[in-house]
Amino acid sequence: MEVVEILQSGQGELIQPFDMDEFREWNRTKKSRKLVDKVMSEQEAIEKFVYDGCYIGTELYGTVRCPMSLAREVVRQGKRNLRVCGQGVLELDLWLAAGLVKKLDITYIGLEVYGTSASLRRAVESGQVETCVEWSNGAITWRMKAAAMGIPFIPTRSMLGTDMITYSAAKVVKDPFTGTPVALLPALVLDVALIHVHRADKYGNCQIEGISGFAAEMARACKRLIVSAEEIVPTEEIRKYPDRTIIPYYLVDAVVHAPFGSHPGEMAYLYGRDEEGIKEWVEMSKTAEGAQAYLDKYVYGVKNHQEYLDLIGEERLQRCVERRERREA
Amino acid sequence: MSEKPYTRTELMICVAARLFEDGTTCFIGTGIPMLAAMLAARTTAPHIVPVFEFGGTGAILEELPRAVGEARTWHKGLSALGICDTMEAAQRGFIDYGFLGGAQIDPYGNLNSVVIGDHDHPKARLPGSGGGNDIGSSCWRTIAIMQHQKRRFVPKVDFITTPGYLTGPGAREAAGLPRGSGPIAVVSTLALMDYDPETLRMRLKAVHPGVTVEEVIENTGFDLIIPDEVGVNEPPSAEELRLLREEIDPEGLYI
Amino acid sequence: MEVVEILQSGQGELIQPFDMDEFREWNRTKKSRKLVDKVMSEQEAIEKFVYDGCYIGTELYGTVRCPMSLAREVVRQGKRNLRVCGQGVLELDLWLAAGLVKKLDITYIGLEVYGTSASLRRAVESGQVETCVEWSNGAITWRMKAAAMGIPFIPTRSMLGTDMITYSAAKVVKDPFTGTPVALLPALVLDVALIHVHRADKYGNCQIEGISGFAAEMARACKRLIVSAEEIVPTEEIRKYPDRTIIPYYLVDAVVHAPFGSHPGEMAYLYGRDEEGIKEWVEMSKTAEGAQAYLDKYVYGVKNHQEYLDLIGEERLQRCVERRERREA
Amino acid sequence: MSEKPYTRTELMICVAARLFEDGTTCFIGTGIPMLAAMLAARTTAPHIVPVFEFGGTGAILEELPRAVGEARTWHKGLSALGICDTMEAAQRGFIDYGFLGGAQIDPYGNLNSVVIGDHDHPKARLPGSGGGNDIGSSCWRTIAIMQHQKRRFVPKVDFITTPGYLTGPGAREAAGLPRGSGPIAVVSTLALMDYDPETLRMRLKAVHPGVTVEEVIENTGFDLIIPDEVGVNEPPSAEELRLLREEIDPEGLYI
């Protein structure tokens, strides 16, 4: 019998095991093909689809097209023991600071220009986060891409030769076609994904402007998908530009109308970053007490996204709008 | 304004900027690499093609991006797709240079950005690989930009996040990493290093003005190869400083 | 040592073997990152980049966004012994009828509504085409996707259990994560690809309207890429909508300005099919003599694409324009 | 116009159209499946979601597409992406039905569209799998639409292009094909067939009006399971015929 040699098996936990047939069955029975109105509030969407212990992820970096209104609602409702695939800045920081995270498929959690995340340090070094399984940004996306393709794994040349492989759940094999070593990344099927988009219709057909990060991959790699959108548009608008629909409705479970939903992050062509707002988190999150005070003020202290926006104030939001990227030749 | 003496960070940015080769694709990470790329584009390498991992290619870098996904990373860009597009372009061999950072580096240019101490019970949990591992695996040539301190230049990194030459000659290829790829330089706050072609170990190439070879050795936690001739990097020119201070980072986010 | 069992190895020839490091080296040394004017005529592009014996492919189905002006020029220049990945209608039919094809990675070559391809039958049954290696449409695209990702293979559940596997060059293994059988498709790196797009700038940044078929994958899976475009636009137009550039310039070797380049096929939002023109080929290609007469008239009988358009005539082209798909809510 | 007697092709389209389940996703191949889908959308299944392999999802089928990639396949559609999107949606279990054709079919519903005779020296070279194999592998339920002739309904197809139940119970799963998927019906010019749940062999379900069971048996090259009760399909209604002739295929491309 011909065989492929397994050269190495990562010792990291596969914290979200998968079964492609079970995922197919889910997609068959739990995802309606009908055009059903899915518009609901953040509160309703998170209550309905996010649960203690679920494996959850958010799309794009924390300050760019980030589902912040959904991320804050997760904190407000205190969902616990979350298992998270982490490529994040603000949103995961909030969850870590609120003590909601138990296990991490981590790629990068930090504050970019403002350095490392104190919330991550506290949560991991204290043992509150039980497990960190390591992946590169490419690898975690390709794991979702595998799920999105409906296949059990995808090869890559990333992570080879490093400790990343050892502390991941990947395997290294000899490619049966050319004989060279290649890493196999197991598919990642999330229980819940949160994605913020520019526009959606009430059924969940979504369109994005500017870079699409890993929205297409994550949307196809989850069992429940909550989308928040800056604007809810009539389906006729979607049908006019079907080539812009990177997330078709049948993938979506909830559509939340969230103008300035990425604040204090940005939304291309609509509003820029609120640097002041981001710095406030950066400063306050340096200590556990400061982080708690921030959460008290901006999350627990307001009932919903509208109250959050009221707290930020029209004037500051308007300044973000003025700083937006523009389409110009 | 250009009368003000330059800082070591400004110098480091200038030295890094001069390493950009015109007409090449460059994977740009957050922070110092962005400033260096912007400076290069305004001086010696006007035709570099910046690539940002979340999808932006060929942006015109008018304003300093604060994040690898924000609109400035594809401002007037040639394409603005997603992370798969850029990471896979790198994996296919389309990205010439990658500019990287890390908390620790070893003599073979391996970088650590995951943990200080034991992985499962770390003394310090760092942000994680991000795109670093992918860039170090797939770009043709990588350049690390580092604070030069003994605790950062270590004989053995606590965790190999981003592959340099791993354990030495032949190790990258044996691991399955792309043939002919690897680190070519380290720009630190004290000096410019390259790698000895025989042993693939880090070698001092040129010290920053005012820095002695001894100072570099003292601040390096392993035996740096010291060649017979060590150059001295040019200090920032008045124009470089003006660009940095007035055009690139007028808010002083990094400098 | 842990191993992965190889359950089956397809006996079909891998007619385009690959080496990912060699492909990387090609992409490093033969693909400029500089913004260089690449505009040239069909004649020049085909002379320069298509050669006898090369492995070549065209993107999309024969009547939809098909690079017909390039396909006709390949015939005109009589490039021989082509090895082709075949998912095609009109364009591959022309090559088969002209006797240019030696080996096929075949998925579907037919005339869709008008039935089977007589040209394919003649070419294969006579032995003129030496080899047909079988793939599904999904499989051939995923083979290109593997190359586009820079990885040696991609798994799929297609082709399992059928004769497709046997007459392909795929392998079936037990997935090392879940133990179920899965097919591994070897990467496909083409020597030359031909793609027709809506607009490109002179450097080769390309944008497409409507479905994108497998343009993104093929463009990233070839050593030489010739693009023909309905319109050459200033780069400023590209920079205004960078999120529409699915083929960035650095992938492209030649840009050919070809209005009505897909004729008698269609181009979404610009012109519809020329049914009369397609039927003419369907009828004439039923016999070898008829096919030859068609080639004499429409390919050998005209010097270039402009002469072809003159032969078709303004009025007929205008009728195609009237039949175009429109963006309307 | 509806006075004109219906043809067997028209009847076959009507019987196929009635199999569409409302509110499901349906992978539609070129030809008869397109007509059946359009008829279904205008009659019993107004909320089907047509999916065409080159990228169109949720089109409003106002005019008959002539090709699986042309603009009519995403006319006023919900999304118009590429072949990977639709094929991968099917592989992930999102496509409920697939409508297929072929040159030959066997008792287990395996289809051949590659060659008649030996693969390497064929008597007739057919177009190839196209999306057929993918649809038969990944859609939950497939329905074949066939001319009913002895040379097409054969004990063993010359080449299994598209998997039915392969060699019988358990064979699909053993081969690695998705659990719970497989063919459920064949609509031919003579009758409607399904599959015996025990043996997974083809079974006569209902003959077309005016067709006898004997006629079906005579035109089938293998032992078709004949149950005690064989139904008779409803003939095309006047409205079905009107829709087919006046709205769906007024140019008479197929009918």
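The chains carry the letters A, B, C and D, assigned in the order they are written, with residues numbered from 1 in each.
Rule of thumb we're sticking to: a contact is a pair of C-beta atoms (placed from the backbone, for glycine too) under 8 Å apart; a residue touches a chain by one contact, two chains touch by 3 or more.
Remember, it's a predicted structure, so these values are computed and weren't measured experimentally.
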Check your understanding: Measuring centre to centre, with centres taken as mean CA positions, what chain is farthest from subunit D?
Key -> B
Check your understanding: In terms of C-beta pairs in contact, which of B-C and A-B ranks higher?
Key -> A-B
Review point. At what distance in angstrom does the C-alpha mean of subunit D lie from that of subunit A?
Key: 40
Check your understanding: So what's the Cα centroid distance for subunit C and subunit D, whole Å?
Key -> 28
Review point. Touching two or more other chains, which residues of subunit B qualify?
Key: 56, 74, 76, 80-81, 84, 91, 138, 178
Check your understanding: Mind pulling the subunit A residues that touch 2 or more other chains?
Key -> 20-21, 142, 149-151, 156-157, 180, 182, 210-212, 239-240, 242-243, 328
Exercise for review: Draw the chains as points, connect those that touch, then say whether the picture is a line, ring, star, complete or other.
Suggested key: other
Practice item. By the touch definition up top, name every chain pair that qualifies. Key: A-B, A-C, A-D, B-C, C-D
Review point. Inside the complex, what are the residues of subunit A that reach subunit B?
Key: 60-65, 86-87, 89, 106-110, 112-113, 116-117, 120-121, 124-125, 132, 134-139, 141-142, 145, 156-164, 167, 172, 180-183, 210-217, 266, 268-269, 272-273, 275, 324-325, 328
Check your understanding: Along subunit A, where are the residues that touch subunit D in the complex?
Key -> 20-21, 23-28, 31-35, 147-151, 205, 220, 235, 238-240, 242-243, 245-246, 248-250
Point to revise | Partner subunit A, residues of subunit C touching it in the complex | key: 1-6, 9, 14, 18-21, 142, 149-157, 171, 173, 175-178, 180, 182, 184, 186-187, 208-212, 234, 236-237, 239-243, 327-329
**Study point:** subunit B residues within the subunit A interface of the complex
**Key:** 30-31, 53-56, 66-76, 80-84, 87, 91, 110, 114, 119, 122-134, 137-138, 159-163, 166, 171-172, 174-178, 253-254
**Study point:** Residue numbers on subunit D that touch subunit A, as the complex places them
**Key:** 23-25, 47, 49, 56-58, 60, 74, 76-81, 84, 88-94, 96, 138, 140, 178-180
